[in-house]
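Have a look at the structure below, then the notes.
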Amino acid sequence: MSVLKRYDLEKLAVATVASHTALQILRGAKKYGFRTIAIAGRADVAEFYQQFNFIDEVWTVDFRNFVKAAEKLVEANAVFIPHGSYVEYVGWRQALEAPVPTLGCRELIKWEADQYKKMELLQRGGIPTSRVYKTPEEVDRPVIVKLFGAKGGRGYFLARDREELRRRLAGLSDYIIQEYVFGVPAYYHYFSSPVYGRVEVFGADIRYESNVDGRTFGWVEPTFVVVGNLPLVLRESLLPTIWKYGVQFAKAVEEVVGCRLAGPYCLESIIRDDMSISVFEFSGRIVAGTNIYMGYGSPYSVLYFDRPMDMGERIAHEIREAARRGRLEDLFT
Amino acid sequence: MSVLKRYDLEKLAVATVASHTALQILRGAKKYGFRTIAIAGRADVAEFYQQFNFIDEVWTVDFRNFVKAAEKLVEANAVFIPHGSYVEYVGWRQALEAPVPTLGCRELIKWEADQYKKMELLQRGGIPTSRVYKTPEEVDRPVIVKLFGAKGGRGYFLARDREELRRRLAGLSDYIIQEYVFGVPAYYHYFSSPVYGRVEVFGADIRYESNVDGRTFGWVEPTFVVVGNLPLVLRESLLPTIWKYGVQFAKAVEEVVGCRLAGPYCLESIIRDDMSISVFEFSGRIVAGTNIYMGYGSPYSVLYFDRPMDMGERIAHEIREAARRGRLEDLFT
Amino acid sequence: MSVLKRYDLEKLAVATVASHTALQILRGAKKYGFRTIAIAGRADVAEFYQQFNFIDEVWTVDFRNFVKAAEKLVEANAVFIPHGSYVEYVGWRQALEAPVPTLGCRELIKWEADQYKKMELLQRGGIPTSRVYKTPEEVDRPVIVKLFGAKGGRGYFLARDREELRRRLAGLSDYIIQEYVFGVPAYYHYFSSPVYGRVEVFGADIRYESNVDGRTFGWVEPTFVVVGNLPLVLRESLLPTIWKYGVQFAKAVEEVVGCRLAGPYCLESIIRDDMSISVFEFSGRIVAGTNIYMGYGSPYSVLYFDRPMDMGERIAHEIREAARRGRLEDLFT
């Protein structure tokens, strides 16, 4: 991004939206010597973030006019770290246009707005995905239905068979019907490093979802709203495959979307009881699951570095190294 | 507490009952240079604690006469860190009277002995709580019944409707009937710091309860006995609210109970699938859930400090800083 | 092992099979200054391990002729750390004979090949075990059936009563029928240290099993294939008992099997809702559950050491200390 050329690299600031993974992002940035800016949408949220010393500035802005905030970020010599809530808060159109250097492949946001295109991109990467049904008539087993724009697990429901599916789809539009794969959920965190020319498998988590992960005894219908994350380590014999899928995904983004997937991303899967993996989602940027190792670092980070590192530190490390090597433009779009 | 005035602050000892969270409390204390004393109720327990170098003395005492042990603690120049098992072992009357400087708001123990007063205190703090039913007749949905003096999850049972409730209550007295809220359990750890004049949100856990968290397939009735704890990080957008509830609770204790809630405490909740929180319990002192980050520190501790810290270290840090500033009386009652 | 006498202790290498817990074993070894060798069975696995700087050499070998690889390890001045996948990959006969110094009690592998002998060894140690039924006719409650050679949870099934059991056993042989204990699973990690003359309780985990730990709503039959591990801390009042069982097991191995249980091992249990423990399995070497604290260390490691340590580092620490004291032969067989 050409605006980066005018930045004073000695005084770089790192900014993100005050939610999701902002705490680890800004703490990591501060640890690596950057100025830090949190952008809140409400005063009470701003108040929470203001109490932390590692956050230099907390701005309260109107997310409906995020482009303006982005212009101010450029004046503040700031690069921007997008996360899942960012796109949700400002909308994908503003996220595409915001004139601030933004980590990773911005164009990918377009693909993520469409569940069918998401699945297509995974398949182009040779990653095994859950079967998608074009019509309810094709359905011959339990399925999960995701409404377009479903966020954080809200807007999902299960149907055990075609009959139930038909009944529940009545009156709905803009959804995707996927095979409900039996197994256990597992979310893989990756970091694509232009500086080191590699994809790192960084960690894994399980989402903690209300109410399905509670004790409901079948007394209420399952819902899937993410309220937290749980740390997971993977069977080591699965790691080569999981790493390979991460590499393949980064390559697919480069080839199909046409831009570099720099920074953190995530593949979201079910592991079946034959140990095969079925990926049903991806996230093209940092996921909240990386919060599980804030401060003390991820188990897998020590595979690549001398000491444990959390994802916020990993991002800051990459920015610092890229800045030193005059390669910031490899990270930001 | 006036006895503190006679203490030699250079030779302060930290003591606790050998159970619950004693390992992290004493290890943290040793790390900050305090002498450490573990007080066991049985020889085999004492034997276990004796093997650790960070514990200077292990006493075996008769908990039925804890007041005597407390007197010896004063002679030993010791402050005392209470935890959940302490009150269980020595009884709330002795805990109220033990003549040793005790961390936090001792008077709160009285409120905790009565489930109705507990809920009242939460409500006085403006914290959303699970509905309490005065009589079985009012019940119109699934409920959980807690016998008074229930401890560690023992003495809880569920009733799906009024009929089942009536049947199961037959012959019982001294219980509280609460709405059984559907969602996921989440326990929030706080630290109230007189030294820094703030409430810190320090971490979160999930209790690991036998048999309800096992694979029972509905073949046996659910029971809720806590046998361990699992680490949890929260959706970051929930953190401002969770922090606020912690602040409000500390304030309510000060206003209603009339003493300062110094040190660790906990709010215990269900998070519903609309992300609203329903608090059903609190603990006025350190909870066992903080054991999850013993040694390497909690994810949220780095929000306040340069390096990760566990709750035992956090307590020791507060004592050292208070001692330096001549403010120990702000911590102990 | 006499070959150790010819080793150059200044240039010791640590080797293991590239799977299971190899990453933490080799990373720990490198941290303590040893050369490191990963032994892979396939080229794609080798490729994964080759990317890590802490692994000096990755060998690709034919596991059907592991004895040959073992001879090369001796030439390379290497000691060998066995893990669960090792025995699975090379077979217990080769594992018994491989002429490379191997950590721990090699003879124990024989006992582990027979489910009945495993249970016997636990009982000889005075450890409470799940009831074993000699015939289906004795069965009067839910049971779990484990086929001999079941690995990683594959080859297990449940039967709720005698009728179901009979039906499902038809045509099968070589299995063990165990009481299905209701409660929660908990796996305890120990380290037996000849250098310090003690058994350390090092950590605990829960296995993450597909599909039983997923959201299956009873729509499919439960299966128990381990795909990862979750961190667990135990109720502290259980720790003295859990530590004692670890001590008793090490003693039983010494007395009954006749060799020293040096290094990591594991007891695998259900904790009932009366807090009693029922052990249904053991592992005589490092378990994958220890991967949960790779890099940042286990909560209980700080009970014994000044800083958190993971199991890979713990092993390397023991080897270094034994080498310094001329006691390597206490570790390897």
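The letters A, B and C name the chains in turn, as written, and every chain counts its residues from 1.
Just so we're on the same page, a residue touches a chain if its C-beta (ideal position, glycine included) is under 8 Å from a C-beta of that chain, and two chains touch if they have at least 3 such contacts.
Because the structure is a prediction, the values reported are computed rather than measured.
Q: Does the chain-touch network form a line, ring, star, complete graph or other?
A: Chain contacts: complete, every pair touches.
Q: Residue numbers at the subunit B-subunit C interface: does the shared fraction exceed half, giving same, or fall under half, giving different?
A: Different residues, largely: of all residue numbers at this interface, under half are found in both copies.
Q: Can you compute the centre-to-centre distance for subunit B and subunit C, using the mean CA position of each chain? Integer Å is fine.
A: Measuring from centre to centre gives 35 Å for this pair.
Q: Enumerate the residues of subunit A that touch no fewer than two other chains.
A: Counting only residues that touch two or more other chains, subunit A contributes 218, 230-231, 293, 296.
Q: Report the residues of subunit A in contact with subunit B in the complex, numbered from low to high.
A: 19-23, 27, 44-45, 47-48, 51-52, 54, 85, 152, 154, 208-211, 213-220, 223-231, 288, 291-296
Q: Please give the residue numbers of subunit B that touch subunit A in the complex, ascending.
A: 142, 158, 160, 182-186, 198, 204, 206, 212, 218, 222, 230-240, 243-244, 270-275, 293, 296-304, 308
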